[in-house]
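Take a look at the structures listed below.
One chain, chain A, appears in both complexes that follow, with chain B as partner in the first and chain C in the second.
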Partner chain A sequence: MQLSILFPAIVNGILNGALYALIALGLTLVYGVLHIINFAHGTLLTAALFAAFFLYRIFGLDPYISVLVLTPAFFLIGYALQRFVIGPVSRGDDSNILLVTLGLAVIIENGLLFAFRGDTRTIDVAYGFAVVPFAGMFISVPRLVGFAGAVVVTLLLWLLLGLSDTGKAIRAVAKEKLGAQLSGIDVPHIYALTFGLGAACVAVAACLLIPTYYVNPHVGNAFVLIAFTTVVLGGMGSIPGALIGGVFVGLIESLCGLYLGESLGQIGIFLMFILVLLLRPGGLLGARA
Partner chain B sequence: MNRRGLWPIVAVVAVLSCVPLVVHSDVILNFLVTALLLTLAGQGWSVLGGYGGQYSFGHAAFFGTGAYATAILQTRYGLNAWPAFALGIAAGAGMGAAIGALTFPARLRGSYFALVTLAFAEVLRILASVAPVTGAGVGILVKLDPGIHALQFSSRAAFYWFILSLVAAALVVTRLIEKSRFGAWLVAVRENEAAAQALGVDPTRVKLAAMTISAALTAAAGCFYVQYFLFIDAPIAYGPWISVEALLASIIGGAGTVFGPLLGALMVKTLGELAKLVTGDAPGLDLTLYGVVLILVVWVAPRGVAGIGARCRAWLARRQVGAGGSAA
Partner chain C sequence: MPNNSKRFTRRKFMQSTALTAIASATGVVAAPSILRAQGGGVKIGFLQPVSGALAYSGQQGRLGASIAVDEINAAGGIRDVGKIEPVLGDAQSTPEGGNAEVEKMNSAGVSAIVGGYGSSICLATSQTAARYDLPYLVDVGVTDAIVTRGLKNTFRFGPGFGVITKTALANLVAINEAAGKPAKTVMIVHEDSAFGSGLAKLLNEQLPLQEFQVLETIPHPTPTRDFNNVVLKIKAADPDIVIPANYYNEYVLLARTMQQQQMRPKAAIYSVLGGAASSYKFVKEFQQAAQYIMDCNHWFDPRNAKAQALKSKVEAQGQFFTYEVYLNYSCTLLLADAIERAKSSDRGRIIEALSNSSFGGHVMPYGPTKFVNGQNQGAVPTNTQVIGSDIQVILPEAFASAKAVYPMPRA
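== the complex of A and B ==
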């Protein structure tokens, strides 16, 4: 394989991987604190992509500006979902949570399908195809922005969890729920807050994705297993792990696509996912078992 | 085996088998055939998910393997439909055993198990959509050849009795499992794996056996799908729809009960038809409603609709005991 093809594939993989990391970040955060897998995560991304699409189409709002609207909006949606739907309905039972989030995923995906049909939509911003030359190749500007955005959000989240009082409360609940409750932390509130943060990550990712990507009611599914793979690779609940896992998954996808072709290329991710789960369920970094 | 345990099954199947004698509408019979097809798939899910507590999100892997094996053996190897059908079930069971043998010794359970089954189904879907043997993107058409020798029937009623007999067999299998020592082990593993192991049950082997039986039942639904529709492609065979619907039918009706999946499948399909009446053929609304019902069931009746009956009986029994006590 010629280096002139391989090198751009690697760079593309890394750039995509950062966005995967951002999507996985929400998932890993929710897993780390609530110890549940949110199956509705991918469909929340679909919903956010639709929201960004219509904000652009109807109000002419640039996706990089609508991030300021959608992030708080999705934080509230996520908060409400956990506080008023997932929490009360599942009564804390793990398999119930699994079913409720699956139910939510089915509702969101098919509700969108019913409302907007299966058409694939794209937006055409002026900078959609802008490129910058770099080391003899061309790098897409929106993807570069996506990469930077993902890294910044990861950093912010890491600081929030590490330094703020809320972050401390979230970490306390993640480590020892009962102990946190006994020291006066409102656990359902923290749960909902964490879920809200996860949804907010997805909203940011959607705004960064939409300039170069498309949206249809099923688009989130493509990201669900990618995000799970990322999370599993990086170690469930680990934030730096999500970033590294995301970049790794992006690379694998890009290289498998290069060597195996577009449709068979996706298989690399799933196989890797299965292998990691079977052989090293604690993640490649071994963050936690 | 207590013979009394089989009477309810005999009664239900007897009543259901009279339906085509009264109803001659092809629309209604077609509806019942698809509901029974879903019952069969859901019954498979219930053996592993209901009795064994292992929630699979990828039962499409077994449905699709059964369907493809039946179709490929007939169209490419010229095999008669009867052995092809049987081999299809065996192939599905083999897929179940293989996935189980990979996942259970790795101690994957709960959400991890759900995820890994989903991933297996997706891998199979992608493979089937590119491999030449499965017809790649085009799918496989089975030749129309009505007659008992080819397991195809020109009348809906015959197809109805065929799927009903498969469902009857699945009901009996489930009942036998429930009453057997194996069933007790399976429930013990579901309730507390460590405790079951301490008492000498081998959880991996028990779960593996349950998964094999479960896969065989769901694969039978896939085999029937091919005989009924004479077509299969990757999104139908391995797509997430069947994984979700099998789970829904089972959970809504009551996973881990003999009649739960039958109840659930009838409810799910009725709801889907009602949604179609309201909206015409707009896609999405039926599945949206399924999602709502799933959440409502988890909320109100965590043990499914069949569980409501059990709870009412327990409540009546308590009342009677209470009344008797006060009279004395």
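== the complex of A and C ==
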């Protein structure tokens, strides 16, 4: 293996990893507060990709502009899902929540398949193939934007949780639900708010992903396992952990793909995953909910 | 998708396959047929992966089959047997899903099954069908093992790996020699299931015999999220020819990444069963990335009036005319012809009729069918190349519409 492709592979892994992190942010947030794994996360990503696609195809809205539309829209969708579907149906039982999100995933995925068939759809934006030449390699501009987006969203979420009253309420609910409730915090509202934030993160990820990727009713499945891995590696519920975990996963995937082949490359991620669980069960940043 | 295999009313059938009035109104009558429906009808299972990773191909296959069924039924059904009652099944893109559907179809009393699509699915489902002596007509699955296991119920209308690889190599050698042998080295990028791995194995055996050096063979899973590393490897090795063999989504991602990384091989991107290389959809959406890509793949007979009528009908529905459509259309006509000659919906008699089939009313450049051990002997692939905004046939010369642009411009 030539060393000349090692550096581009590392850069590529970091850029891919940032997108994984962005997808994983919503998942880790929901886990951190609701203490459940959201099985509908991948299908929400699919739905967001479809939304970004149709905003472009029907209204000519650039995916980067669509962020401004889809982020609040998916926040509301996420809020409504938790407030009016997941919350009432699960009746506070964690195992019920798992089943409800799994059911939602099946419904959303098959609903999209029914509505849009299995067609693979892509968009062709002017900058889709734009690159920045750097040290003998070509760095994809949309991937760079994705990286920047992931960093910005992570920072914003971190600030929101750390500095705002809402963030404090979210953290309070995550740490001690009953105590938060006794302090006057509207727990169902905070739950829904958190789920909404998770869905909003997915919408941002979709807008940053679609210029270089495709959408079909199953596309979210390609990312959901990676997102779960990222969350556990970074530390369940940890916002900076998701970013570090995502970049770490991207890097491992890229290097293992380079040296072991694309088919075996995934093994590296899960070997690392097992190692982290053995040596540092709380994840890289040891998040505490 | 629960309850995927079910008896379909005409209405449901039309809904599920997105066929509207166009299909029934055009009334193009395909062979076999005319006259009809004195029998009580015949149930035929149409098994496609209409959900999961192969959903697009499955839905396209179902579209082709449904058009054929509509045409036959609109003309009165199959002589002495009656109208076709389609029983639709979703293989869910997995062999297990396909097997479950075969069991349901058998319980529903189908007389034969058409479809399967993926090699892995076809291998499993044809074997399950064999347990019930259920005639199974493979639409696409190219692994040769499908027809080399001695299953009497299994027939493949299209070509398999062996013929495809042989034709692809012969044509590559011919194209390369005609241009003064500019290409000597090759890289193969293939998906890692039965289809891609089997093809890569054959290519690795055969290419050195034709004086091509295989620099590297790169397998990848389906789905693959990113091809940057693969393209980095291609760039580093700088082969004369890149041979991709994968499904549509991965093919498009690979071609786009190659364009973005400004990677053009010296001589050609020469696909063998390239998932998108001879796809009108790919050419329309990414004309620049698709430019000059060659493919050795399933292709309809452009001289055949019925093929052109089918193409118009499919495009009028807003769908792309892909190989899944015309292969399933042809398979359905072929099976209907066999049932007509069997004069019965009896499975054994249909198998016998298929074995003796010399059906020529399909839309492929195969000539009349002739099955030997279940394989249609006339089935051959065609070489195409994306030139401008269209896909041109470059070989065989008998119906070529353009000369190959080879070596491809690197700019």
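Basically, the second predicted complex is superposed on the first by the 264 of 289 C-alpha atoms of A that agree within 3 Å, B and C clash if a C-alpha of one lies under 4 Å from a C-alpha of the other, contacts with A are read in each partner's own complex, and residues count from 1 in each chain.
The criterion applied here is as follows: a residue touches a chain if its C-beta (ideal position, glycine included) is under 8 Å from a C-beta of that chain, and two chains touch if they have at least 3 such contacts.
These numbers were taken from a predicted model, which means no experiment stands behind them.
In the superposition on chain A, A:Val89 makes contact with chain B only, while chain C stays out of contact range. When both complexes are overlaid on chain A, the residue A:Ile5 reaches chain C alone and has no touch with chain B.
Contacts of A:Ala80 after superposition: neither chain B nor chain C is touched.
In the superposed model, A:Pro217 makes contact with both chain B and chain C. Touch criterion met: A:Gln266 reaches chain B and chain C at once. Judged by the touch definition given at the top, the superposed model places A:Ser140 against chain C, while chain B stays out of reach. Looking at the shared chain after the overlay, A:Ile37 reaches chain B, while chain C stays out of its contact range.
Look at A:Val187: by the touch rule set out above, it reaches neither chain B nor chain C. Of the two partner chains placed by superposition, A:Ile65 touches none, neither chain B nor chain C. Under the contact criterion defined above, the residues of chain A that touch both chain B in one complex and chain C in the other are 110, 113, 117-118, 217, 221, 263, 266.
Note for the complex: chain C touches chain A at residues 1, 18, 50-59, 192, 218-221, 223-226, 228-230, 232-233, 235-236, 248-249, 252-253, 256, 259-262, 285-286. Those residues of chain A whose C-beta lies close enough to touch chain C in the complex are 2, 4-5, 8-9, 12, 16, 110, 113, 117-120, 122, 124, 128-129, 131, 138, 140, 212-214, 216-219, 221-223, 226, 254, 257-258, 261-263, 265-266. Those residues of chain A whose C-beta lies close enough to touch chain B in the complex are 36-37, 39, 85, 88-90, 93-96, 98-100, 102-107, 109-115, 117-118, 217, 221, 225, 228, 232, 263-264, 266-267, 270-271, 273-274, 277-279, 281. Chain B makes touch with chain A in their complex at residues 53, 55, 57, 102-103, 106-108, 110-112, 114-116, 118-120, 122-123, 126-127, 129-130, 240, 244, 247, 251, 279, 282-288, 290-292, 294-295, 298-299, 302.
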